[in-house]
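Below you'll find a set of structures to go through.
Look for subunit A in each of the two complexes below; its partner is subunit B in the first and subunit C in the second.
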Partner chain A sequence: MTAKRLGWAVAAMGVLLACIYLFLYAPIFYVIYTSFAADIVWPFPPAFSMAAYGDLFTSSLYGDALRNSLVLGLGSALLSTVLATGGAIGVLRHRSRWRGLALGLFLTPLFVADLLIGISTLAFNARVLDLPGNMYSAIAANAIPGTSFAFLIILAQLVRYDWAMDDAAMVFGAGPVRCFIEITLPTIWPCLLGAFLIGFILAFNNLEISFYNLGAIPTLPSVAWGSLRFGLGPELFALAAMVNFIVFAIFGVMYLLMRYKIVRFGYRETL
Partner chain B sequence: MRNAGTCQQFVKAGTSVPDAVLKLQAIVKRFGTVTAVDRIDLTIERGEFFALLGPSGSGKTTMLRIIAGLERPDEGGVFIGDRDVTALPPYARHVGMVFQNFLLFPHKTAAENIVFPLRMQRLGRAERDERLAWAMSLMRLGGLEDRYPNELSGGQQQRVALARGLISRPALLLLDEPLANLDRELRSEMEVEIRRYQKELELPFIYVTHNQEEALTMSDRIAVMHNGAFEQIGAKTEIYTNPATAFVAGFVGHSNRFEGKLVEISGGLARMAWQGDAMLVPVPRDPRPGGAILFAIKFEDLEIARAPDGVDRTGRNRLAGTLRDVIFKGQTANYIVALGDGSEITISSAPRGLDLRMSEPVIVHWPVARGATFHV
Partner chain C sequence: MARGSVSKGGLGTSAMTGIRSSLARRGQFRFACLAGPGALFIVVALLLPLLAIVVFSFWRTESYELYADWNLDNYRVLLGEPAYRIFFLRSLAMAAAVSFVCLVFAWPIAYFIAKHGGRYRLLLVLLLAAPFFTGVILRITALQGLLGPIGLVNMALAELGIGPVGMLMYTPLAAGLGLFYLFVPFMATAIYLSLANFNFELLEVAKINGARPWRAFVEITWPLNAIGTAIGLVLVFIPCLASALTQRFLGGPNATSLGMSLAQQFGETGTWALGSAMGVFLFLASLAGILVVRRTIDLKRAGFTGALGA
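Presenting the complex of A and B:
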């Protein structure tokens, strides 16, 4: 009796879980599925074609946009990771009264809307610096929320790092730079890589901040958004599918690195 | 920058001592309201094995960190050789250190760990390999070169840590309770070995421990530290036989303690009133007749005999009691005796030739000059 009821409960939970996953992934899989369909308006019953991808690759606009998005993503991720690493180490190592404040100030950009960051950097560049939108300012502006995210990720891992190790290295003659390169970095690089990848994905996918700063320079999200004016073209589905593929590939690589212990998220094996 | 001023004064005063390897002058270090190191002066001579003995929280680690440069003193100066290093960072001081939990670099092999100080000094490859071979054979680590720290036993890690501390031939080696994490057997083995290395290398060691046996076994000179200050500093036999304070008497060796009142001083001895009885004890420093005093005497300074013994014991204190227990320890036995007031004292002596039975009346006696007395 109770076993039977338990069986029902498990089944109900299973259905609920399936519904949640459906809710999360249905739109994404719909886009991927449609990108391979012959008729994108009503892709049922299934009939497959690579035409959408053909359109995508022949259009030079998308090539430029992809290149720009990659530059933006990599640049912003690099800047965010460097700033966040410095910040996290500083907050952890210096027991100052202002530590809480310093920590808070690294996180507040997370609560500022992207739109606002976009508009305000645009206004600041135009009015104060008299600069037109350019890639550098877009990289810098994207690194604002990127730094906050990277800071969170790095801090969460770095609290477990044993700084006494650095003390030991210094006693044995390593200056601060040598010490960081020889001792700190080899142990903490996995979490820096994690922060870098998240920063890359954020900037790569960002529309608002990049759009305001880049103006006419195309990125993948801005081109996709711009082409909406002409309706949902087939190449747009192909584009969405490809972007998703890149993001999933990055997570796949991270998973494999962890799974096969090439990267260890844990600093000292217990002795 | 308060330090800079203070050091300059010391330099001007011309206090450099040519034969001293290390000199600390009036070091003070505070953490908030805690004074971890409280006006410490110390001189370490060439080739000396110096032990810093004190209970937990007495400031031993803080002192080592100040010497190594990992902590900046609030006041005072640190001199290594005749160099004022107070303001120098750790990597400019050339001292070696062995940390309590070893702190081997987990991503480097044993050999990489050991040569790390030499690489930092940019020593040539040939010389580096030569010294590595020397350190590996000194520490009997042959064959373990390519193991990572988590693949080594506790004792092996400890020897790698020692090798890393020694390999650059530092001016002095600081050791922070290096044996605390080892089991008892390995510890006593390492005690002997560490002392042997020290004598072979003629390198000054500053050895921090809260274990009095370790300090007594290994060192030449001991400082007993308490609440950030030295209670007593001297040769280990001096510390053991002539404790300067009640704290030292309680901390080093095993003592019986009698609390009483100083009645009078006569003939170079003090008369102490204790439990309606009187004992003759050594005179305390700055004697105040009528004041409360503490008399401490080591287990092995007491003698025990079957009562009643008709032997004349002039010049001796005697206490009557009953034997409660005998704890056999091998070379010695501890005889636990209950005194008239119910308190218990312990006598340590050779177990042979003393076939006392439990609950038997006994006499505890000792020459009047033994033990140490303090005002409390």
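Presenting the complex of A and C:
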């Protein structure tokens, strides 16, 4: 009887998960749908047009914005993943009386809202360093919360990591760097990739931090913000739709890889 | 070389302590190399700017310029003006409510992914994060398009003859729904990351010993994953407390938040000193929220091996 009731509970959780996915993706589908609509203000009843996609490729503003967003996202994700990997390994592997302090520092950004990071870095850059808005300070500022997220993700995975393998490699004379590349990295790469991906997404689409640090450099969110005054341009919907097509394609490939067990992404059958 | 000195000196002599201290020093050095850059980065990029905000909050702005004459006027305005108090209390209530609702929804879905996701677990978690590839503004506008007066939901209801539902248009409820939409993935992911390290066999042990599923959850699963819950609560509460965009688009006139007002000080009105004071206030409120989370949730048992050690 208990097993049957548990079965119901599992089914209910599954249905809830499906509902949450539906809720999360409804606006995404709406964006995709609207990108094909002839009139984005009155998208119903449907009237389709590809005009938005044509305009997207002829306009230079969106190309620049996309490029800047990509640079910002990749730079920030790289910086935060590198810093967080070092931090997580250091905190887990080496005893030090500074361990608690380091742990606290790496987690501090979680306690500071994006808006606050944005305005404080703006105030610091503008009034203390006398620095105008630029891409480097935007990358650094976006990497602040990115580092925390990456640190958490990597830490959660590394807790299970067996350091005896590294010790074994060291006994056989491998240096710390070689040991990391040949032993640690092949095991933990999925979580580094996850941390990088999260850092990228957050920085790519960040408005509140980037807005205050970039000055006049356009990124996708700032272009969206700027165009709100006249109503969002249909090109933005088209661009978002294309980004989502790519994401869905990647997920499709991941599903196939998992389905046919070509890549395990860190999953072990015995767990 | 180190090994040689051991064999000469024997165990428990000064040579041994020498090795131990040199090993410890090497550990310290490696620790500094690994964790140092990140820690330094946080200090320079985050703590110094926050310190600057604290300093500026005691200064004065006049026609968009900051002047360094120390005073408490900003705080006096902030505490004296009823409008700011309302914005603050409203943001606080909203953040608390959204955090709670996110918690209630995130636990079952994170549990389902961790326990029953099988080899698709990573994909299922990434599916929670993928909406972030679309910008916040676009998603909020799309939500507006779905929920708003001419949105899909209300059009469908009108077709059915029920008429538009006012509750979903420009009300605090709509803003809350928007915040839930934006932040439930954070909560679910945090809880999932904790559950991914949770040994589900403990539940089998509980079952063998006669515990009902609910009791096993309350006594084992929940306390051992309290760290995930706590991190999730922080990840939702802090940005909700500061949120400005969602309220602006979905909330209507009765949802003006602390974040909106704060952003205004650094934008339109250019009163940086007052804005800084609001920032300090926001930070203190966030800290208070975190302390409440720490008080309510017992983190002592939340270690990854808590039950095994006890």
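Rule of thumb we're sticking to: the second predicted complex is superposed on the first by the 210 of 271 C-alpha atoms of A that agree within 3 Å, B and C clash if a C-alpha of one lies under 4 Å from a C-alpha of the other, contacts with A are read in each partner's own complex, and residues count from 1 in each chain.
Heads up, the rule we're going with is that contacts are C-beta pairs under 8 Å (C-beta built on N, C-alpha and C of every residue); 3 or more make two chains touch, one makes a residue touch a chain.
Keep in mind it's a predicted model, so treat the numbers as computed, not measured.
Novice: Looking at A:Thr108, would you say it contacts subunit B, subunit C, both, or neither? Reply first, second, both or neither.
Specialist: second
Novice: Please name the chain, subunit B or subunit C, that touches the greater number of residues in subunit A.
Specialist: C
Novice: For A:Met165, is the partner it touches subunit B (first), subunit C (second), both, or none of the two (neither)?
Specialist: first
Novice: Examine A:Ile209 and indicate which partner it touches, taking first as subunit B and second as subunit C; both and neither are also allowed.
Specialist: After superposition on chain A, A:Ile209 lies in contact with neither partner.
Novice: Could you say whether A:Ile188 touches subunit B, subunit C, both of them, or neither, answering first, second, both or neither?
Specialist: neither
Novice: By the touch definition at the top of the document, which applies to A:Arg178: first (subunit B), second (subunit C), both, or neither?
Specialist: first
Novice: Given the touch rule stated above, what does A:Arg127 touch, subunit B (first), subunit C (second), both, or neither?
Specialist: A:Arg127 contacts subunit C only, not subunit B.
Novice: Across the two complexes, find the residues of subunit A that touch subunit B and also touch subunit C.
Specialist: After superposing on chain A, subunit A residues 267, 269 contact both subunit B and subunit C.
Novice: Touching subunit C in the complex: which residues of subunit A?
Specialist: 2, 5-6, 9-10, 12-14, 16-17, 20-21, 23-28, 30-31, 34, 42-44, 83-84, 86-87, 89-91, 93-96, 98-99, 101-102, 105-106, 108-117, 119-125, 127-128, 140-141, 143-144, 147, 151-153, 156, 159-160, 176, 190, 194, 197-198, 201-202, 204-205, 207-208, 212, 220-221, 224-225, 228, 232, 236-237, 240, 243-244, 247, 251, 254-255, 258, 261, 264-267, 269
Novice: Can you list the residues on subunit A that touch subunit B in the complex?
Specialist: Its residues touching subunit B are 162, 164-165, 167-175, 178-179, 182-183, 186-187, 267-271.
Novice: Can you check the complex and tell me which residues of subunit B touch subunit A?
Specialist: 65, 68-70, 89-91, 93-97, 99, 101, 103, 105-107, 116-117, 120-121, 149-150, 154, 157, 164, 168
Novice: Applying the document's contact rule, which stretches of subunit C touch subunit A when the two form their complex?
Specialist: Residues in contact with subunit A: 24, 27-28, 30-39, 41-43, 45-50, 52-53, 56, 66, 105, 108-109, 111-113, 116, 119-124, 126-139, 141-143, 145-146, 150, 152, 155, 181, 184-185, 188, 190, 193-194, 196-197, 212-213, 231, 234-235, 238-239, 241-245, 259, 262-263, 266, 272, 275-276, 279, 282-283, 286-287, 290, 304.
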